[in-house]
Amino acid sequence: MTFLSFLISGLSLGSVYAIIALGYTMVYGIAKMLNFAHGDVIMVGAYVCFFATTRWDLPPTVGVLLAMVVCTVLGVLIERLAYKPLRSASSLAVIITAIGVSYFLQNAAQLLWTSNPKVFTSVVGNSLIKLFDGRLTISVIAIITITACIVIMAALTWFTGKTKMGKAMRACSEDKGAAQLMGIDVNFTISVTFAIGSALAAIAGVLLCSAYPTLMPTTGAMPGIKAFTAAVFGGIGSIPGAMIGGLLLGIIEIFGKGYISTQLSDAIVFAVLIITLLVKPAGLLGKQTTEKV
Amino acid sequence: MKIMGKASRSKVITYGFVIAAFVIVQLLKSSGNISSSLQGQLVPICAYVVMAISLNLTVGVLGELSLGHAGFMSVGAFTGVVACISLESIIPFTILRMTVSIIIGAFSAGVAGTLIGIPVLRLEGDYLAIVTLAFGEIIKNITNCLYVGVDKAGLHVNFLTDATSLNLSEGGRVIIDGPMGISGITKLSTFTMGFALIMVTLFIVLNLIDSRSGRAIMALRDNRIAAESVGIHVTKYKLMAFATSAALAGAAGTLYAMNYSTIIASKFGFNTSILILVFVVLGGLGNIRGSIIAATVLTILPEMLRQFNNYRMVIYAIVLILIMLATNDDNLKGFLSNLRNRLLPSNLRKGKKGAENG
Amino acid sequence: MDKAKKPETKMVPVPSTNLVPERDVDKLPVLEARNLGIEFGGLTALAGFNMAIGRTEIAGLIGPNGAGKTTVFNLLTKVYQPTHGTILLDGRDTNNMTTVQINKAGIARTFQNIRLFSNLSVEDNVKLGLHNNINYGMWNGILRLPAYWKGERRAHEQAMELLSIFDMQDLAGNRAGSLPYGAQRRLEIVRALATKPLLLLLDEPAAGMNPSETAELMENIVKIRDTLQIAIILIEHDMNLVMGICEGICVLNFGKIIAKGTPREIRNNPQVIEAYLGKKRED
Amino acid sequence: MKKIFCVFISFVLIIGLMSGCGGSDSASSGDGNATGKNEEPVAVAFKLGGTGPLTGGAAIYGNAAKNGAQIAVEEINAQGGIQFELKYEDDEHDAEKAVNAYNKLKDWGIQISLGSVTSTPGVATSAETFSDRIFALTPSASATAVIEGKDNVYQMCFADPNQGSASAQYIVDKKLGTKIAVIYKNDDVYSKGIYNTFASKAKELNLEIVSTTTFTEDSQTDFSVQLANAKSNGADLIFLPMYYTPASLILQQAKSIGYAPKYFGVDGMDGILTLENFDTSLAEGVMLLTPFNADSTDERTVSFVKKYKELFNETPNQFAADGYDCVYAYKEALETAGCTPDMSAAEICEKMVEIFPDITFDGLTGEGVTWAATGEVSKSPKGMVIENGAYVGMD
Amino acid sequence: MLKVNDINVFYGAIHAIKGVSFQVNKGEIVTLIGANGAGKSTVLKTISGLLRTKTGGINFLEENITSTAPHKIVERGLAHVPEGRRIFLQMTVQENLEMGAYTCPSGGVEAELEKVYAQFPRLMERRRQVAGTLSGGEQQMLAIGRSLMSHPKLLMLDEPSMGLAPILVEQIFSIIQEMNKAGTTILLVEQNAQMALSIADRAYVLETGAISISGTGKELSESDEIRKAYLGG
């Protein structure tokens, strides 16, 4: 029974990582950049939803939608102002800029909303489901989180596989030059990718804070890094990879804590990542590209 | 002969620059014209300068991105301090003890770098970056579970338990107390020592770059496939650069740790690694003198911005973004160089260009 | 099975064609490729490639774009490990060797798209070619021990001598990436020569050069062969160059050899003309 | 030659920066004395300085202590008599930054110090105040290493070991639980410090600890494993030596797995009721040892809480109360010792070292507070239990 | 239809294209031939907006497109089949074709697909296959098919015969001729000089970044100079 409850916690935590990782992976796939500020967009999303639902008493759905709108605008703005001018710059310059954006968001959030933690009201309630005579308890949030992850993953797969815009994204991530020759506006496509990734970040923020309801300006930082690890773990650039990477990371983290040591859980997570990369240098589902000679 | 001359002249300038800075600060100090605030920062500045130079060896010279450099600093800090405390009775002479401790710190960080480098350096680009990040976090996590004590019987090391299970005999001392790190360190680091360490670091790094091994390292950065085609062993030279860089970071770690009465593992996390990476990138990849200046200025800058209080970090972030945009955006770059052409007399401009290699 | 067989050290000089120039016929071929082939994910990029190169031969490898010429070079230098066949270098089986080992064993190459160490100086590029010929270690370098000074002085002298082949001594201090295109190509050759090879592989050495530069290059290639007594294989589209200096030519198309022979034979081979110029339509 | 010229330029720049730095110091010190040496004879107020995390993840604690101290200073200055000039510098909960901040305060001319708010920076700055002979009374840096071996560093809060052993004692005395689970933060000096003494005291008292689990800064979101471990080992009380932010998550997650043990917290738990939007029913029945109770009805507390709410729009927590008390303790000590603002920091320090072990102080966080010469405070922790969203004394 | 006027293109410091001017009239097949590295592909890339010229201008259908964004140029009816095909290897054949019709309203895509499939039955057979698994010839067909999806007024082909078996080259060239007869103007870059000249109305020879010879296809194919330039004396 402990095993099952660990598994469910792992899946629930992993689902949150997966949704964040999807944002990382989509942006990496098309812009080939590590968007370190992604975790902080999550935090902004959670704050917007928090204010909408508790201060302005809007219904939860409206709160989530508002968070998505704000994050989308924020994501596109960040891309336009900070990343677009660096499209041809070295990846290192882009990373530093992304870190600068991350610092900016965290500190601006602190100025705006203070560093006092706020308790997030779950948008889906806190009810529990009891199974096996109460020996196994599952929270509705966990179920919703896992479901949301699967739905988002399915929706993204449909979007990239079936829609014109989605296909254009794939085309851009494969070959920007050729995509331009097809008449695809690469800059616009990248903006759309950032918009989607940021909207996902808003959802991730809401779900993260519903399951773990403390909200601070630094809330997004660590889940961001973990999710980034998850994206690399699954093969950065691959949508199913991000999903699998996120889920596995969540499960490994929980099982590592539960069966090995709570003190070493972080080390275990990162060690598994390293070993995986040594065996599969491009992550679980990543495609390895070799330089043409 | 021409090129030798060029390289060595640039080196002399770098050394001279550091020495001059040292002398001036010493003069200011002795005449009492230096604020406590700046004086308190002298040793950390030295440590960060060494860190920046050493990371520049990995990022700028070898061309591999490392996001976990603070991990090596941590290894050096903890082993160095443990060494220094354990050797207290054996080597009473503090400068010698510090030197030995720094060497021990550097050595163990170098060993850590080698152990990590062997499997990891096969990876490339962003994957290598994430693995170094992961190693940095692992080092942090492990140090948080490490207990070390010393008594007459020697060092006691314990993992995952607590300080009491070290079973120290009477008069023994707990040195590393898990997450509480080391406290009660006697401050031994001085600015002079920091200066000496910078000079040694410069000597090692500049001479390494300008030698057969250094050329091979830079060849790997410029074109790995071509380097292999002329018979350069990739792993060997990558490892050489990485381990040297780790060892220097370890030395910086010891110097840094011995300047504070307490040191904890969490200090050497992702944020510190990033801080140092920012020094290197803003100072210019492969530009040693740039690293020195960037590390110094960017360590002092946040202190100078103190009067802006809560806005300080927001300003810092914006400045960082603007600098990256200014130095990398083609339009802006063109605009700036136009501006410079108009504003500065030409002889000055040429001088500036020439100094970029250091 | 293959691994059980010891590399055959004593080779009877049996060139698979009569391409090897007369002066080299009674010597062991410097390189022999037997039934070489490679597949990439099911796609056959090269198959049944046989070739023998004489000690001091200049051979040409030609064929249309995408025919597999560069793949041959990549196999010979072990950038890719061949799926089939053996490569004998100086009679030694090169099975399981790495690119670095191959270079030390005596093959040096240039690249189709120039691969210089573009941020380093011209002299340093050549010194990197000399890397395995100057032997002092890291500590000698850091501590500036006598071995360093001796090694560097020798390296400098040798580098200058090598640069003098193309009369490039004056450029020694320049950044390699700042050189004009033609000079970059020449520098790549010098760097390859610095590794003291038995066999030099040149991948489109004249690409991007103007006719007079090309003519000069032709002379120099022959000069290199004559003075250093090494073998050279070159891939080239400039037929003047290929026909002008190669003693044997091998024509590839679709990963297979379609013709071998002397320049004269090749020039009049209808298959080659077709592969190269394409059939005239409605003829 | 041109290169040298350029280097010269950058060099001038650096020197400019350095002197600029020094310059801005003296500018910001304004009416004070730039180097910390007392040259001006007429100074009207004691320069009281402290460092604390005013930004970053731990900013709530730093700001609370600063705000509390500020209220005290305003009150005291309004009364006439002894005057204070208060300056807080940000240390971002980092030892290096704390030393920088402290040095900045030295440039400003600090005479008496409020140390640092949190423990890790506290250890670093207390070593500096010790060697500089500046007296320090820290509101809340509770690690033993802060005062260890330093005659001029005092604490306003309980030392960690005291909290740990007092908690164990309290649990045994009041028979609150028989099977104890502990969850602590493994990369935090405060949390680990309390745990250590709690564990050894529990052993001494034969209190059975059935589950010990940890978390870190990087993994403080999910506690399902820690709670499952406690639950499956049949723990009926969970000891939570940590700050209230992670504790609130633990309460919430325990509920979501249908686990309802008793909870026992330490002073860091104080503040949980002030968390914005916190469902206080979750904290119902949570016990904690805290010296301060914002819901207390005594006059001073009521007035302090009222002022704090007016000024900062928040309910003060224990850090604020500690900051407030520190200033009043200083007032009392300075008055008793007859110190004047024109005395040098070292002179004040010697007087304080002399007088502090002898004074008895009544503050928000305790009546009849005294100090040992080691710097350790002695005040009786109040056992509190949360009932209907408010603290109720357990005694 | 297309007018290229004295363009100069640089790669960093390398002067790749030196004052090239030419024009393509409606309904023509014009070919640009020359050795490897002569700058043929660079010219095409500059026309389609992937590279920028330092001086000079490019007019297409009487409009200046010198600094128009590449995707806008495609919308105006100028398609470019890049060198090395550049198909999207991880997408299916059909998806590749759909990308070709990116600028068209989605209603007409089906009809266009039908047309292309009719022209290249092989692609029809393999339409669900991932493009990376196609053979070289099929990939080239796909690349051409893809460019036809947008119904271009002018089609620029960069070395369509590269790496193809003679029989396939033959096929590709007849397709090019058919397309031309159907009304598409064609600018063809080729190394396979003989083949290109045989179908071209007019031709330009590019040597180290500059045009050295120009004339009708017939004139040039009979010229000895071309033979010399390619196979040597």
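Here the chain labels run A, B, C, D and E in written order, and each chain numbers its own residues starting at 1.
Everything below uses one rule, namely that contacts are C-beta pairs under 8 Å (C-beta built on N, C-alpha and C of every residue); 3 or more make two chains touch, one makes a residue touch a chain.
These numbers come from a predicted model, not from an experiment.
*Asks:* Using the contact definition given at the top, which chains are in touch with both subunit A and subunit C?
*Replies:* B, E
*Asks:* Could you tell me which chains are in contact with subunit B and with subunit D alike?
*Replies:* Where subunit B and subunit D share a partner, that partner set is A.
*Asks:* Could you tell me the least number of steps, going only between chains that touch, from subunit B to subunit E?
*Replies:* Step count on the best path from subunit B to subunit E: 2.
*Asks:* If you count the C-beta pairs in contact for each pair of chains, which pair comes out on top?
*Replies:* Going pair by pair, the biggest contact count turns up for B-D.
*Asks:* Please compute the C-alpha centroid of subunit D, do the same for subunit E, then give the distance between them in whole Å.
*Replies:* 73
*Asks:* What's the distance between the Cα centroids of subunit A and subunit B, rounded to whole Å?
*Replies:* Between these chains, centre-to-centre, one finds 32 Å.
*Asks:* What whole-Å value do you get for the distance between subunit A and subunit E if each is reduced to the mean of its CA atoms?
*Replies:* Here the centre of subunit E sits 42 Å away from the centre of subunit A.
*Asks:* Express in whole angstrom the distance between the two chain centres, defined as the mean CA positions of subunit A and subunit D.
*Replies:* The computed centroid separation for subunit A versus subunit D comes out at 36 Å.
*Asks:* For subunit D, write out the residues touching at least two other chains, lowest number first.
*Replies:* 55, 186, 216-218
*Asks:* Using the touch definition from the top, which residues of subunit B touch two or more other chains?
*Replies:* Those would be 137, 141, 144-145, 225, 310, 313.
*Asks:* Which parts of subunit A, given as residue numbers and ranges, touch two or more other chains?
*Replies:* In subunit A, residues 107, 110, 225, 263, 266, 293 touch at least two other chains, as defined above.
*Asks:* Of all residues in subunit E, which touch subunit A in the complex?
*Replies:* So the residues of subunit E touching subunit A come out as 48-50, 69-71, 74-75, 79-80, 82, 86-91, 95, 98-100, 102-103, 106, 146, 150.
*Asks:* Quick check: in the complex, which residue numbers of subunit C touch subunit B?
*Replies:* For subunit C paired with subunit B, touching residues are 77, 79, 98-100, 103-104, 108-109, 111, 115-121, 123-124, 127-129, 131-132, 134, 136-138, 140-144, 148, 151-152, 155-156, 172-173, 191-192, 194-195.
*Asks:* Looking at the complex, which residues from subunit D come into contact with subunit B?
*Replies:* The touching residues are 2-7, 9-11, 14-15, 17-18, 20-22, 24-26, 28, 34-36, 54-55, 89-90, 94-96, 99-104, 106-107, 120, 123-124, 126-128, 143, 145, 148-149, 185-189, 192-193, 196, 199-200, 216-218.
*Asks:* If you look only at subunit E, which of its residues touch subunit C in the complex?
*Replies:* Counting only subunit E, the residues touching subunit C are 13-14, 35-37, 135-136, 159, 161-163, 165-166, 169-170, 173, 191-195, 198-199, 208, 221, 227, 230-233.
*Asks:* Please output the residues of subunit D touching subunit A within their complex, sorted ascending.
*Replies:* Touching subunit A from subunit D are residues 55-60, 63, 186, 213-219, 221-222, 224-226, 228-229, 232, 245-246, 248-249, 252-253, 255-258, 275-279, 314.
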